[in-house]
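These notes concern the structure reproduced below.
Per-chain numbering from 1; labels A, B, C, D, E and F assigned in written order.
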Amino acid sequence: MDLTTATWTDVRDLEADLAVVPVGSTEQHGPHAPLGTDVLTAEAVADAGVERVDREVVRAPAIPVGVAEEHRQFPGTMWVSEDTFRDYVAEAVSSLAHHGFDRIVLVNGHGGNVDALREVGGRLTRAGEAYVVPFTWFEVVGEHTADMGHGGPLETALLRHIEPELIAEERIEEARAGAADGWGDWTSYVNLAYDAAEFTENGVVGDPSEGSKERGEELLELATETLARLLEAVAERDVSRPEHR
Amino acid sequence: MDLTTATWTDVRDLEADLAVVPVGSTEQHGPHAPLGTDVLTAEAVADAGVERVDREVVRAPAIPVGVAEEHRQFPGTMWVSEDTFRDYVAEAVSSLAHHGFDRIVLVNGHGGNVDALREVGGRLTRAGEAYVVPFTWFEVVGEHTADMGHGGPLETALLRHIEPELIAEERIEEARAGAADGWGDWTSYVNLAYDAAEFTENGVVGDPSEGSKERGEELLELATETLARLLEAVAERDVSRPEHR
Amino acid sequence: MDLTTATWTDVRDLEADLAVVPVGSTEQHGPHAPLGTDVLTAEAVADAGVERVDREVVRAPAIPVGVAEEHRQFPGTMWVSEDTFRDYVAEAVSSLAHHGFDRIVLVNGHGGNVDALREVGGRLTRAGEAYVVPFTWFEVVGEHTADMGHGGPLETALLRHIEPELIAEERIEEARAGAADGWGDWTSYVNLAYDAAEFTENGVVGDPSEGSKERGEELLELATETLARLLEAVAERDVSRPEHR
Amino acid sequence: MDLTTATWTDVRDLEADLAVVPVGSTEQHGPHAPLGTDVLTAEAVADAGVERVDREVVRAPAIPVGVAEEHRQFPGTMWVSEDTFRDYVAEAVSSLAHHGFDRIVLVNGHGGNVDALREVGGRLTRAGEAYVVPFTWFEVVGEHTADMGHGGPLETALLRHIEPELIAEERIEEARAGAADGWGDWTSYVNLAYDAAEFTENGVVGDPSEGSKERGEELLELATETLARLLEAVAERDVSRPEHR
Amino acid sequence: MDLTTATWTDVRDLEADLAVVPVGSTEQHGPHAPLGTDVLTAEAVADAGVERVDREVVRAPAIPVGVAEEHRQFPGTMWVSEDTFRDYVAEAVSSLAHHGFDRIVLVNGHGGNVDALREVGGRLTRAGEAYVVPFTWFEVVGEHTADMGHGGPLETALLRHIEPELIAEERIEEARAGAADGWGDWTSYVNLAYDAAEFTENGVVGDPSEGSKERGEELLELATETLARLLEAVAERDVSRPEHR
Amino acid sequence: MDLTTATWTDVRDLEADLAVVPVGSTEQHGPHAPLGTDVLTAEAVADAGVERVDREVVRAPAIPVGVAEEHRQFPGTMWVSEDTFRDYVAEAVSSLAHHGFDRIVLVNGHGGNVDALREVGGRLTRAGEAYVVPFTWFEVVGEHTADMGHGGPLETALLRHIEPELIAEERIEEARAGAADGWGDWTSYVNLAYDAAEFTENGVVGDPSEGSKERGEELLELATETLARLLEAVAERDVSRPEHR
């Protein structure tokens, strides 16, 4: 049940304790993909996952601005500090738990949010306020995951499938030409870069031309299936905390 | 230019320093109107206002969860603390200013956000980081403003105009029957209530049946025109701070 | 019972759960009225209100520095950030509640404090720590309220009644000459100004010559009577929080 | 110049960079002395010191609630957390510095505030925002200092001199009978107590009957003279920070 | 140069801008390995790395308590919140930068610290305060890294090499018997566990009997060599921030 | 039992509720004594005290960076803000209490930490989380205490006894020559200095040549004996909070 379109009486009448919160970012994704990529993909995966399971699940509105200061050199990128992001997500999630929706999956579309969401999940779960786990769609798509870049094959593919008009097809070649091969600037297993602009000229990592619409369809199917399994696991899990040894 | 669908190169090529950020809330609006009312109305007004002016304006994604703990007794209502809300809005806005979009109107759809947005505007403006002013659509619609309730005539009207399928028409009578006449519980000019549930049974204030589609159209036109004028004023204003006396 | 002059054993022997906390500001009030105007008026109203009711009421010392950065261009104006002000008031109030004085009226003399005090009241009341409501004297004086400015008719009148020697009568004409007609600089129902110096040369809003001693007496009587009624209402109110719907 | 009674134009016309801020506490002082003791004594000393020097000095309103949780078992005692106290004092002081009053003495009447005020002084001074030093009157009265208790000889004496009607003379014997000899409960040079109620039954430490009016007069003279010397030193001091070695 | 044993004049006479800060944790490492494992290993690697390079490097004292709440069910485990840990590390590092040691490697021995240290590095580097990168020894030891558990082969091996007397050899079998095979409890690529006690009975992950002294020697050599290369890279890197696009 | 070298099973098997946490600082101690002086001395005293008592006591790792910004002009000095220091110590201590070690002595070696540790002790004790008292070794050594400076007779003596190789004997004369006689720059009983560099050229206060090895041995014995008595008192104390009066 989508909170944006439901009434409070609809929610009251629901038999459910499961919720999903899409979490994205508004940030550069190269000259060919929209700044909203991470919101749009997170929402698409969340919606498909919720539809796949045979349970009632509350679907919260997407959180649109995340941890993205690493893209600050690229116009239009928005961000908040990690502290503020954690608090905003944690408190929004707590308000769901207040109504009994206390098993929550954060469906994430942005790599920069991953650490912060895990921290939020731990904070709320250990405090017994809610059981909260983050799920990042491009980490769960099997062998595709290795191709994840930024505005690269995976994100381009998924967008071509779900929002094809938002990919500037005429700039794919430009995007490819200015792209970096990999994320970061590594020495001794350490990424020496903190800003994406240190290693990519146009903000792209990976080759977007390898992201076909068909691949996007497959990615969505993989992510959906995995999310559905996770939702089942979260619903059934014994979330009581272990005893002190 | 909508940041969600634009690329960073689109934003780079823009000649603009003006931006709007829709700010809403996901909270109960009675048995007949959706929890997303304040987001949907803020977005509709923001989009119409941006379209009306003869200037380039950046349009950020809407902030979906606000200051709404006063509705916490009604299922599905989401909220964050006022501190966290202020920080989230202020930092998101600062990231726009970082790219030169440093004249910003916060187009707000929720009464509970008003004080916090004014505080954020003051904080950023006085610090010289950006010139930021909040605009709350139902405060600017002339004599209609006096009819503002909660899920009442104004919000119902505007939704019937912009998202008619989201109004549960079959529950309008129920909504009306359980509604309060006015917001709050007043003695000596002081509102003694802090939770909406102290004075409204079903979350409604005002009579939604007085909110026709036509009235909604008029409200949108009034809000749009007023926002357009404000955008011009914000664009032209001398925002330097006064001298110490 | 005034906490400043009472001993702890006096307080221990009191049968009471009601308290008032005067809250003011030390800030410019034009060339003719003292920087302490908002403290002095808040204290006068608080004391008169306490005396008027037929109940024991604890009277805390006045909080002298508030939310007044908007007057920062005028020498002598003191302020703290809104965050710090809220915490200071909230914690001071909580310490009263610790002793059982957990129904508290914040008697306020400064417009800039209004939003922050309402937020503090909500925070403490919803948390069940104390029932706290703010009361701002110039908002409760009937038709006079429409004349409220800054260092204008109302404040000048009240001071002439309670502290006549603190009005520099010889500068009333100067104060009037440099005064603004209204508070703020409005376009499209939005106040575009954040600093008082953007719209008033000498810090005055409204005509102080319309603030006679007799009017001040009437204002005090109105505020006193209203506060007394509020104190009764606060004492009698069922402050339990509503059930979850 | 007293900020409470001065106008902003009076302050503007002042040639000064020196200010004093009285800092007190509203807390138990035994059955015989008022809860406001620390505010009243701090104000008396501050006023006398300002009058003694041959310079213009701005006198801010007293801060009435301080670090006093150690007295929380005694009705009427008010307090805020140390964090909030530090922020409130620091920001109030910074607002004075904003107008050029950037050499500031915090005239303190409460032992529990001492550490926090020193921390605030260090924070502002090292940041170059203002030069701020705390001064606690009962630490500067020569051999009398050794007699400092709580509601004991020194405070009782000073109050008998400055506010004789606020000492409940008929309870002096009771106060003396229930008093502790010294502050704290010491083992191995460590005070094992955190609450005054751990070592004093009625909140008194020291013998109030040894606090005559004459002694109070002498104390005020000593404190005044010392404060005057300090004000001169603060006015003349080179407050630039040392070079990095 | 070890800050613990050097004098300030020694440090003053140094030609250097490079520093290392060992960061550990005091937390359970099974029945056979000490709670201090992560501090001891971080220090050993840091010292060996500093010795290997042909540059002067400042060596700060190790930070002994980190992000380890996940081990809270095991007696003796210490931790602080992630917020506090980040602030403590960031401010300690900033104090080094104050003296010109503004290229800093955080030599880390604990998995739970990784995210927080990366965040600190980003915060300080983007602010231009210092260039700070974290280095976690067990992530840089080539194919060994895949064997990393907790109190498992790698940590046991390294301790047997550097502090053999701290491994309780008589409990290795017990440690092995109660160990988990892998870290976490995974479904759909998501770790559903937040506390180590959810998946390991005795706190061990991996087989400590596979951690020979010889393997430990090899691990130290690998980590040392990698750290030395990193120190060179950090010393030589252009750390200016990229231009806005 | 030393937490660094014990296993969690060792700690589990302990019958104890008493713990010590050494707290130091890494800061200048003149040209002759190491930056780690306050850590080394705190650890030596803590270890000797623990050994002296006939009880099981948990010994936590030392906290190495404290409140030392006052020495910031001297290279190599590290510090964190007082807020962060308090939080780090308080949370580390709370994690010990979580395992039942809820009577805790903070064995401190640095004057700058004293106020902050007392505040932490009050915060945790009043909240009922743990009973925590700070103990600063140079405050408990009888008449020697009066000789305490900085890198002066006491610290030099103790180091000569416990870590003689860390005293640069060849620079004792230099240290003495540049030393200040006393700590601070006093007028009217107020220390006008906030940075040590305002009153000492080389960072030394007091004459280190008066700190013989023999004196160091005596100091350690005095501190050990006093700490042992304190540990007994802390173990036996009724730590319930007093009743509200």
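Everything that follows uses one rule, which is that a residue touches a chain if its C-beta (ideal position, glycine included) is under 8 Å from a C-beta of that chain, and two chains touch if they have at least 3 such contacts.
Fair warning: this is a prediction, and the values are worked out from it, not measured in the lab.
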### Interface numbering overlap (same over half, different under half) for chain A and chain B
same
### Remotest chain, chain F as reference, centres from CA atoms
B
### Message
Counting only Cα atoms for the centres, state how far chain B is from chain C in Å.
### Response
29
### Query
Whole-Å distance, chain A centre to chain D centre, using C-alpha means?
55
### Distance between the centres, which are taken as Cα means, of chain F and chain C, whole angstrom
48
### Message
Multi-chain contacts only, two chains or more: what residues does chain C have there?
### Response
8, 12, 69, 72, 74-75, 83, 99, 203, 244-245
### Contact footprint of chain C on chain B as seen in their complex
69-70, 72-75, 82-83, 115, 118-119, 121-122, 125-126, 133-135, 139-140, 187-192, 194-195, 197-198, 203, 226-227, 229-230, 233-234, 237, 241-245
### Query
Mind pulling up the chain F residues that touch chain E in the complex?
3-12, 14, 26, 28-36, 39-40, 58, 60-65, 69, 72, 74-81, 83-85, 87-88, 91-92, 95-96, 98-99, 166, 168, 171, 202-203
